[in-house]
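What follows is a structure written as structure tokens; I'll ask about it next.
As written, the chains take the letters A, B, C, D and E, and residue 1 is the first residue of each chain.
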Amino acid sequence: MIWLDTLVQGILLGGLYALFAAGLSLVFGIMRLVNLAHGDLIVFAAYLVLTGVTLLGLSPLTAALVAAPVMFALGWLLQSLVLNRVLGRDILPPLLVTFGLSVALQNGLLEGFSADSRRIPAGALEGASLNLGVVTVGLMPLVTFAAAVLVILALSALFFRTALGRAFRATSDDAVTAGLMGIEPKRVFAMATGLAMVVVTIAALFLGMRANFDPSIGPARLVYAFEAVIIGGLGSLWGTLAGGIVIGLAQTIGATVNPEWQILAGHLAFLAVLLLKPRGLFPRAVD
Amino acid sequence: MLLETRALTADYGQFRALFGVDVTVAAGECVAVIGANGAGKSTLMRSIAGVLANAPGMVLHRGEPIGALSSAAVMKRGIAMVPEGRRLFPSLTVEENLLIGGEARKVAGPWSLASVYALFPVLKERRHHPGTALSGGQQQMVAIGRALMSNPELLLCDEISLGLAPVVIRDVYAALPKIRAAGAAVVVVEQDIGKALSVADRVYCMMEGRVTLSARASEVTREAVHAAYFGAAA
Amino acid sequence: MPAIAQGAKIKLGYVSPQTGPLAGFAESDAYTIAAFLASDAGKNFEVIVKDSQSNPNRAAEVAKELIVEDEIDLMLVGSTPENTNPVATTCEAEGVPVVSTTAPWQPWFIGQQGNPGDPGSWKGFDFAFHYFWGLEDIIAVYTGMWKQLGTNGTVAGLFPNDADGNAWGDPQNGLKPGLAAAGFSLTDPGRYQNLSDDFSAQINAFKAAGAEIVTGVVIPPDFTTFWNQARQQGFRPKAATVAKAILFPQSVETLGEAGHNLSSEVWWSASHPFKSTVTGQSSAELAADFTAKSGRPWTQPIGFSHSLFEVAANVMGRVSDPTDTEAVAAAIAATDMDTVVGKVAWNGAGVPPFAAKNVCKTPLVGGQWRRKESGGFDLVIVENGTAPQIPTAGKMEALA
Amino acid sequence: MILRLDDVSKSFGALKVTDGVSVEVPRGEALGVIGPNGAGKSTLFNLITGNMLANGGRIEFLGRDVTRVAAMERVRMGVGRSFQIPQPFEGLTVFENLLTAAAFGRGVGEADVVEDCARILEETELLGKANVVAGTLGLLDRKRLELARAMATDPKLLLLDEIAGGLTDGECKALVATIRRIHARGTTIIWIEHVLHALTSVVERLMVLNFGKVIGLGAPDAIMASREVREIYLGLEV
Amino acid sequence: MYRLTTSTRAGRITGAAAVVLALALVALPAVAPRALIQDLFTILTLLTLAQLWNLLAGYGGLVSVGQQAFVGIGAYALFAGVILLGWNPVAAILLGGLAALVLAVPTAFFAFRLQGAYFAIGTWVIAEVTRLLVAQWKTLGGGTGTSLPREATSAILGTDLVRALFGVREAAARDIVAYWLALALAVAVIAGIYWLLRNRLGLALAAVRDNPEAAGAVGVDVRRLKWAVFLIASAATGLVGALVFMQTARISPNAAFAVTDWTAYVIFIVVIGGIGTVEGPILGVIVFYVLRSALADYGTWYLMTLGVVAIAVMLFAPKGLWGSISARGNLHLFPIRRRLVGPKIEGGI
């Protein structure tokens, strides 16, 4: 019974990680951008949502709906004004720029919101649970998982059913040839980052409702998000979900053996996957 | 004039690949560009298509300077390119590869998914396969079809017969007259002189980044080509 | 002649985490220092503050800067072992006196030993002095609170793998033996890493053991994650008495309804019956003044940061040459005064012999957060077994 | 025999680029390789140098089976090559390009090869530009550098890929003379070239590839006279 | 008749200046206040870390985000040597280098299977794993960390000599010893890297950086090269880690394996200064230190400035500050160009 519970909790935890990773997967997959500020952007979005809740008295969901377009615009601007200018074969300039952004964001938030631990109030949802007979699952983790699946479903539909999605994939394959098809890679990138920021807002909503956040909390989960993306395989959205679940499961199973092994087990699972499949579980045709 | 280059130069870093190239293409015309490996043919195509940036006035489309435009902007003006090596998008199916060619420039014209499939019937059967799962010849057909989807005024074809079997080359070349008949001007880059002369109205021969021969296809002699190709007669 | 009367200003170094995750501890620094410098005793001092950025590397580095570049006479430091230990280690190595607080003495003292697992090798310090309470006080206060409720005596422990968690969770020197002596058994699944996202393993272990009480020393985000998950999983203990996580009212507020009746140790509060020797304010006045000037609620570290400066003023009043480090250290050791957090005297009272020279203990009581109609929380003192001079304002209540 | 290929094959997915090639090259020979674009000539070179690994068959160099041996090691054994598209180390000078090849290709110290590098530079008419950064060179000098760098590894077998392509006649003649000198010193040469007159003025045998298959191998005159070759390669109607 | 030279006027001047500077730095403690010695210790250790990371990323193309693993393991090995084996701290520094070297072998084995961004993240995760494992090492305090015993720090080799020499307090004497060690390490690393670059290895690195395929085709063993660079850089990073924490005397897993302190700031220094040059990290560390000294007391604003500077430099001087300077004046203080001198040679650098 405990093992079943461990598995279920691990999978649900994987949903949270996948949600953190989905936006990252998008930008990493399309433009090979290692965004070290991703975690901080989630925290930033969480503060945005929180401001909507506390200042405007909105419900968390409405606040997120208001925050999403703002985040989209910020992502668009960030990409077109800054990141597009440093993207290239060399991974270092974007690495340093996003590191700079991460440091600046963290401290900007600290200046603006203080170091207090904050939380987006979710009312009854916080402690509610669903008794499935053999296991009891929290409603919040379940909703988080569902959100992750929905986000990935939506992104997949966008990716594989729409012209924009084709443009994303084509640009990711070969930006020069995409240009010959009338696609401006830089605009596509800006679009992708904007979209990733919308996903970030969703992740922020759940991060903020699920646990406390403060300005310094961003980087802690960034490694997990990267691990999920890489385990899944570059550009594979469902792979990212699978990657999140692998890490979530490894963590809960490791913790059952001994809580000391919880985080370590997640990392070891990542290393093991890479050792066996250096390009992830679902690599695509070209990298 | 549909397209004109004026004293076009192009550089890769510190390496200059084109030295003042002048070529013209009239509407509906078929022009062949021939020359040895590394002569600068692909560089010329890339410069026209906007992949390589140039001074604005080095490339003119209907008299307007387009040398500094991005490849996307050039494409939207009706200049489509079939790049060397086909360069299909591996993540896209055959049909998606075709669709993406027509999405940025939606103008009425003879070319649509249906007419491309009519031109290359074999593609229809395989339309849900990844583009890269096809044979080289079929891939070349996709690359041509993809460029046609935007109903271009001018189609630039870089080495469309490279690495293909003779039968397949025949099929690919058989499509060119139909494309012209539908109204587009065509520039073909080709190393096979005979093949180039068989389809073109006019021919430019390039060597080391310069045009060394410009002539009507019907008037050009083998000796002249040979001289232009290899320098003075051997 | 005492140092204070000699004209040249005495230099105090103060290392505090003004940025980063521990910044809550430093919230009142600016207020405290301004108040101190404005007081009569404060006129003779210069205070040089350095930000440790909540980073132990940085804390050691700025401590060294204060000693070497600013040539401070006395170092003051607080805000958890992450901040106190690197600073104390640096001062001890440099031979500069340091008074530290706001960290239980075990993680402070044992945490600075080369091999914490080998008590035989532990050594005292010549220049480092600490006042706060210890785990034995925690045990007394916590068990006092729990005894007010009827429980089965099974306690669930949440201890992370950090300085506090390792000290609290240590099977020999931590909570376990003390709780056992008081009739409580501790279930400790093992050290977890801070910022874990899942506590199902622990919750399952606690449920299996039938625990009715939760304790531990948990950072706020982890406690929120744990507490929500516990309720989701149907683990509903009668008491949750944890340190750190619910130290600040802001952290409790993030829990909403679920914060009601959570309990914790209380080291200082507005209702502590003590007075400042520097400003003459009572605890209540100090708290009210802070709230008035900053617009923020009072927090427990305020009293302790304030008391650090009281101790400094007192010590320097008893030395003739503030630059004589040995003399200053001797003066610290000889301190015997009543501060706004209670009596401070390194007289060895209640401290085991190995730490008697360097550690002094201040009183500790237990409190419970009660949700107000308006949504905020009040900290109500419900247990004062070891410090009867501090009045209680209510009785311990079981969690709903 | 310095080199022996036995039924060597290579495919990229469904595309068979080298299809059962078997050939023996005696020591000291100059062998020309011709064939239409995409016939698999460069791929054959890549298989011999180890830049690509064969899917099937066996490659022997100096009597040793090198089919799976790493490219780097084959260089040390004496396989030198030039690339069809010149691949200089753009950030290094011409001299440093050679120095790298000489030091690592022979596995000796820099000081031991300075004179030799200078000699090769002189022979390939690059001496004047020894200290020029390679990224700034024009096409002719890049081709010369390809040859010079391959020479610097002190190869027993020299593979030249379209080294004369795109050169003017005068330039081409000078290059041919250099290659002839190298050959005269006893270096075995395999040379891919579309510029036939240049090729035939040096090589003793010609090999014709089409679709990865050897369709002709023999004396240049005989090969050039063969109807199949004229048709396939030159595209001349006969 | 022909010979090879790397010598240039700028290089000779730099060389002479470097020798004078190094000698002056050795003698400095005789006159300088402790604060300066202290600052220089930090600058020298940061500079050494930056040079090593530059060797990895700038010359070897190995963009590692996990160098804190080697700082941390080196530091912990020092503490283990002192506390558990009773070694003198100075001797235990060598143990730090050795431990880092040992850790580098499995790390390389794993990480070399990965490319580019994957390599960066892979090394980061390995560092995290190392941190978490070390945090389980209970005898050295686990997650709490531990301090060097007082008698160990006062027994540091050479302290007595320095006390006698300069007539300073024990703590100051210890600073001087540590400073000399940092100076020796910095000089050795910079000179070593410069020597490496002027050696065969440097040619090979430049060739691989320009064109890996062609490098293989002229006999450069790319794999072995990467291994060599990685092992050298890691071992030396371990030495620096041990030295830094000998001086801090306090360690904890979070401090010793801090990605920000030991890798992010180091990347900042290298990239701001100019990657792929010996001069860049030197310039970078000066910029970093000036920023920090000027602004560190402004807390959040300091770090925000740091972030913004990183972004601005990447946007406006993508080759770093030294890149912009040397591009304009074609100035190389540490010339590594090998020039051929002899008859009939024109042009050149």
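We adopt the following convention: contacts are C-beta pairs under 8 Å (C-beta built on N, C-alpha and C of every residue); 3 or more make two chains touch, one makes a residue touch a chain.
Keep in mind the model is a prediction, meaning the values are calculated, not measured.
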Starting at chain D, figure out the least number of steps needed to reach chain E through touching chains.
-> 1
In this assembly, which chains make contact with chain C and also with chain E?
-> A
At minimum, the number of touching-chain hops separating chain B from chain E is 2
Look at the interfaces A-E and A-B and say which one is made up of more C-beta pairs in contact.
-> A-E
Please work out the Cα centroid separation of chain A and chain D, and write it as a whole number of Å.
-> 51
Centroid spacing, where centroids are CA-atom means, of chain A and chain B in whole angstrom = 42
Just how far, in Å, is the C-alpha centre of chain C from the one of chain A?
-> 36
Centroid spacing, where centroids are CA-atom means, of chain B and chain D in whole angstrom = 31
Which parts of chain E, given as residue numbers and ranges, touch two or more other chains?
-> 132, 136, 299-300, 303
Listing for chain B: what residues touch at least two other chains?
-> 132
Would you give the residues of chain D that are in contact with at least 2 other chains, written as numbers and ranges?
-> 90, 133
Contacting chain pairs, sorted by label, are A-B, A-C, A-E, B-D, C-E, D-E
Chain A partner, complex, touching residues on chain E are 57, 63, 65, 110, 113-114, 116-118, 120-122, 124-126, 128-129, 132-133, 136, 264, 267-268, 271, 275, 299-301, 303-304, 306-311, 314-315, 318
Which residues of chain A touch chain B in the complex?
-> 163, 166-167, 169-170, 172-174, 176-184, 235, 284-286
Mind listing the chain E positions that touch chain D in their complex?
-> 1-4, 199-200, 203-204, 206-207, 209-211, 213-222, 337-340, 342, 344-349
Flag every residue of chain E that touches chain C in the complex, lowest number first.
-> 34-35, 38, 42, 79, 82-84, 132, 135-136, 138-150, 152-153, 169-171, 174-175, 248-250, 252, 254-255, 258, 260-261, 296-297, 299-300, 303
Complex interface listing, chain C residues touching chain A = 19-24, 27, 54, 161, 189-193, 195-198, 200-202, 204, 208, 220-222, 224-225, 228-229, 231-234, 248, 250-251, 254-256, 258
